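Chain IDs A, B, C, D and E follow the sequence of writing; residue 1 opens each chain.
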């Protein structure tokens, strides 16, 4: 039996609007029916474009988001239906590493306090001394000096902060760690350090990972099994090598072909499948196959009307495409070759953005009148930032 | 003749009560028409500052700029503000990293495009609007007349970057600077934008300075590559020789630390230890030395020069370049990493003080 | 947009309802009760009782509140115990003066403050910047009533440039149309009346503007500085645009956003300031009337005024929101 | 414009008032600021001589009473016309008096009919048990120019009462119009009828008629009444403009915005005069005293303690430093300008040592008093209450009395507290309405009042007896007696009487100033 | 290149890193303090406030005279005769012949007390309301939202009233006393603090570290009180400093409206300023002293507040 199994998990965020009392006028279908299983000791990688629901799914596993529907079976228990307090206790075994190493550390807690917080919550270690011993041990493991204990997060470099984040998860000795974009905020040279560390720890502690990232190369590097997400659902799942060798879903194919490889030979000779347009809004997903609006292999039948199921094509290769076999066998031509790289995409993304602005505007109104200076920041930056294309943070500007 | 020839560019930030910060020093490169020159390096190595200096967009106060940037016989760095204003948009244009924040949120796209036509091409009213629509169409924005009336937040990320490109090419500049134009975008969108840039360069013969930290992008797009480390070009070469044989330990390390999609799985990454902030205030010496696996005693003194140790056109700033057969310098190294790394914890706030992070010593010595 | 307006107007209801309860209770907690307040110096127990009976104050509190509410809903805010006139009339009579004063002050703050803040930011660290920043600090820290007093002593008494108080030349006999004297003068073509009104407005408006001006200068400065660091300004510059285009279209327009909000917030303070300023300049607005009302415990007026102000406040903020969404497309509701 | 320079006739004469009037109908008011305005357009049967306190003919050329002083006969002036064109005659007089007598409803509130109640008691039909029976019997028009007003019993309030501005005569036609609008009480305040708030309806006989009340600009404009029966006004337009603050009025005068103002701070008199402004001084007609409430502080029941307090306070210092020139120490509870002032009351000397001794004798060395003073007001007799209070406080502390300070808002807290006897010591005073000592003494000592907290038959009898004596000369003698009795008992400390100042511009001929603050602005003109 | 040189370099490296050790464990506050120390604005503000506080504390003891002692027969206010600065009365005598210098010294305490107590009141009540509201919202649930709505409506009502009027109303109900002034000025500040804290808590509530704590299995209550709350306090503290300035000015305005501290025996700058306007022509300095006192003090708090705002600004951090 798998250690962690997701069965038809859905997370829908209600979109609220109203003159006097808020009323639900729609949903953002962030995660829309995902089933997958993760074996103990394995690394499961999740990739997909920004906004496709990776983070939401990751959080749903820990029930940091409400799960609208479906089961999250962890070691035999369905987390989705656990009472609050039970769930809290389960979290000891399921941990998370966050994308933003600085943002996920409380700026006012020193490292010792950050690391012992979770231990205290789960009653690990009889007293602070005992906990400190344990923490020191973990610190050594993640390559941080023990004198880091008394320091504060802002005194560390990016890579070190991420190590702290990892250490925080490790002190609880969890079974599963969910890593949400653990390296995307880091510089390339640091990325490798953290990736190596993750692998090393997995080996020495026998951990199970769910690694979320938008960088296919990163995911492939450390995952045993990869799931490719598109607009809230899995479109393809396969063992890492298999996926690279034979991507079956048109989206995966496009994704693969778009990832730049630091090798001129490869770059010059590869065939690119350019997708047209952008990711549609999860608040208003296309009918049928979610991908059909951008799919170069789109067919007149089925694609726009029927939602494809994940079908196992053997070797643990599961694909959600009506025409996967036909494409694999080369029986279908891609409309792509002649299609310019710049075909119009559906304009629906803007809808989602409007909703987001409204949401933010509401919050803003509540907070208005308090501190205008704060407001400046929000007003300028707030609206829209949620709609920015990618999740990859801009490297912090100085000054 | 080169379209743009940058020679010994150096940029120093000065601030009262603080030590001068050299962001860029002695950077030189040429760009020919129709050529794509890459500038790669980690965050903070001086890529953006270089591009801003060329565009004359650095603040007036608190910055010292040295060297020359010869464009068509004029030195961009010594042009008057007004002359530079005339150059920008017509001769040189720029595309920025974050397409959302680079567009004025409260002004419709149309106005943002037409204002440049009005300024440099003297177009007015309907004519300008039509030209703007054509421009949007050219960069692949569907339904351009409608888009003209929309605001940046109503466009998707890729669309915004296209709009920015439309503005950049509005007056057919001969030189384009793109500062991480795809970093904020998804890979599928990135592919589209890169394709568009390639097209522009090919069709118009524009010179393109491509700034990025993604070696993959460089590998696919650039003709020449300059690798920057802490404000200096550490390696400069044609694309193929560079990727075939990265000679500077930094470029070498960089390539070794990127997981490649096409590499066999299970292959170990070879990270560079520490971070770019790890530079002691060496009075002299190579800035990369503290992180370098190949450093020798010489690295700790005198600044190495850009030389062409191996092939013509392949320059490296290193006294102990990585060539076939050279191995990481172990002598005393492990000890150093051990002793310093054990108790040194980085100060991320400034690069002034030492910060040697304990790297994964296992890899470092393997 | 419409939804925003409706939403805001509906929000008024619970606020006003809550206020009415508070005010009612407040009024009935007044020492001695309303009758004593009204009779003042000559109050005797008997006359107090008599008045209380006449006013229905001997009825149960709930019934009184109910009556109070009924009247308020009908727009009857009661009768001023000072003047014996309907509160609504009294307020409407004086509101134009205050609005005129407040608007002038705000106008002054905006017209002077925004350019000043802008240039201070552009020449950061220059003498103008230093002057603007220290001036605005002083503007915030100097008590309004003292500033008003000084202005009057200097410009009205010593220099004689401006009148020492009032809203209009005595005996001007200008036609009143709207109650806004400057506007009336312009409307009826009585230019000397308009000029007279402006003359009388000058000093109080300057005094009243001190705080908003200081705040506008500082906010503009901060906001411009922030906008100047934004990526899109770099984009605009990289396009080689004219300075003026960059300044107005790209810098100012964005920098104005927080200022619009601030202006909404300043109105509350402006009204407080008006109480002080009008009292110094015997300006016949709601401020000095209010001070009299406070002195005389004219609580129907106070009650009415607070309801009035609450509504005004909400409406002003509504206007601000509308203005905001006009400038900033991002918050526009479609 | 050049004509204007020669003839100041159409330049308005602007007077700075301290507050807005509350009504244009003086009969429903009791407020000095209101009377200052209405006095210019309404006249009563009896007036006071310009600049003095003596009665002089008003609308009646002559008046007399029967022996019991219960029947008052007025010979009315002929050829007098109201502003609305109505003729003035005996019927008009009776119409006015009957109107007041017949008031019902809200009008019976002393908020509206204070002076009527003070002079005549109640109404024809008292709607409230607490009202006394009316002393008024009726008015009779003997002939066109003779009116007779009858009262039940003699009172010292007459004939002074006939001279009150509240008893000024209105045009009968106007009265008819008044009746159509009624004062009413609703909710939480009493509303005054509309006619009292705007020019047009009210009509009297005075030298000016009200032209416009601009509340927004805080201005009342009066214009010369050409049909006036006496000396016509010397300016065409008279404006009262409200300027609420003392320094505001002063600076307005200095900047030329107004031609005069009242309630000049004593400290400003000298500087104004120095600058060339005219600051005429009114005759003294007020009294400032320190009240003592014996019930509140039983220690004060001991005369020695009252004496000690009295001797502790340095009244001369207050007169010297706080009061306008012409102010003097008061020896008794009436000013020395009033008939009935006694020279025979003993002088109270400032003697802190003796005060200490007296306290010791009374066994009150640790005396603590609650001392109240009003905030936010100045009164003609008390130009700076807080400062005066502080001086007295220091004086008391100097003889070892502990003082607890209770500052209160004049209206209503202070008045209430004082009247309810909640202040051990307090500052108060009185300005006479007309020249009769009873107007002072009767206010305080005719019956037991909480504000004094004592019951002394000797004092009460002495005062009451003097008040009901119909014969004027006898009355004056009784007043003197009463003053001596009161001062012998020493219920409180009379502090001072002082002449309030009024200021005028350099370029005007001011009207004669009146101790009763009854300036007639018809006399005023530009130089 | 000898081995010694290398050793020297390495030694130097160790030395540098060792030096760094001494500055470990700098919390954000320490960090902000360090930045504050280099700010000229903060320095001026702190010096002014320091002086002011010292004055307030020692004023009554170092005052050369009893502030109520009167020099009789020298000042005649009714004739415009005042006594200017002279030996022993460095600021001259006030309108009652009392030593103005002593009154200024003693008045500092009252002025500071009004500011501090009022602000503390506003801060405490405001922070409780805002904190409750923020906590209720963060802890979630329907009840939480309702609690928040009710509190925020009340706050809205308070916000809708012009501050001075609110103050005046309170003075009208409670009668006149120093306490009234402090309450009145403090109450006006309640909505400011409440909204500020609530806003900050909501903002912090969405921060990643809160999510991280939740993921760790930390109890909600603990998250709210030991993570969100402490992180939300800095804007509140900055605001408190700024509010101190406003409180002092507002108290002066109340004095001007005649609602100020009515006890004449205890001098207070606002009252002194308001009173002395009446004889400004004769003795302008009597208004100038307290005015300058108020302005400079308010300036001190404003400067410090602004400097703190800058020092704590997350944008300027790292």
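Heads up, the rule we're going with is that contacts are C-beta pairs under 8 Å (C-beta built on N, C-alpha and C of every residue); 3 or more make two chains touch, one makes a residue touch a chain.
Model, not experiment: these values are computed from the prediction.
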* Structure fact -> Once subunit E is disregarded, what remains connected by touching is one piece
* Centre-to-centre on C-alpha atoms, which chain is most distant from subunit B? -> D
* Counting C-beta pairs in contact, which comes out ahead: A-B or B-C? -> A-B
* To do: State, to the nearest whole Å, the distance from the C-alpha centre of subunit A to the C-alpha centre of subunit E.
  => 45
* Structure fact -> Here the gap between subunit A and subunit C, centre to centre from mean Cα coordinates and rounded to Å, is 51
* **Inter-centroid spacing, subunit D versus subunit C (mean Cα positions, whole Å)** => 38
* In whole angstrom, what separates the CA-based centres of subunit A and subunit D? -> 86
* Two or more partner chains touched - positions in subunit C -> 31, 149, 153, 230, 254, 257, 279, 291, 295, 297, 328, 330
* Structure fact -> The positions of subunit B in contact with two or more other chains are 98, 105, 153-154, 343-345, 347-349
* Structure fact -> Check: subunit D positions touching at least 2 other chains come out as 247, 376, 409, 413
* subunit B residues within the subunit A interface of the complex -> 42-44, 97-100, 105, 139-143, 152-162, 183-192, 194-196, 213-220, 239-240, 243, 253-262, 265, 268-273, 275-277, 341-349, 355, 357-360, 362-363
* To do: Would you mind writing out the residues of subunit E in touch with subunit C in their complex?
  => 153-154, 156-157, 159-165, 168-169, 172-173, 175, 245, 249, 252-253, 256-258, 270, 273-274, 277, 280, 287, 291, 294-296, 298-299, 302-303
* Asked: What residues on subunit C touch subunit D, complex-wise?
  -> 27, 31-32, 34, 36-44, 46-47, 49-51, 54-57, 67-68, 71, 76, 78-86, 90, 93-94, 96-97, 149, 152-153, 156-157, 160, 163-168, 170-171, 176, 179, 279-282, 284, 288, 291-292, 295-300
* **In the complex, subunit B residues that touch subunit C** => 52, 55, 57, 84-90, 93-94, 96, 98, 101-108, 111, 115-116, 119-120, 151, 153-154, 164, 167
* Which residues, counting only subunit A, touch subunit B once they are in their complex? -> 49-50, 143-145, 147-148, 151, 154-160, 187-193, 195-197, 200, 214-218, 220-222, 240-241, 244, 254-268, 272, 274-275, 278-279, 340-345, 349-350, 353, 357, 380, 383-385, 387-390, 392, 394-396, 398
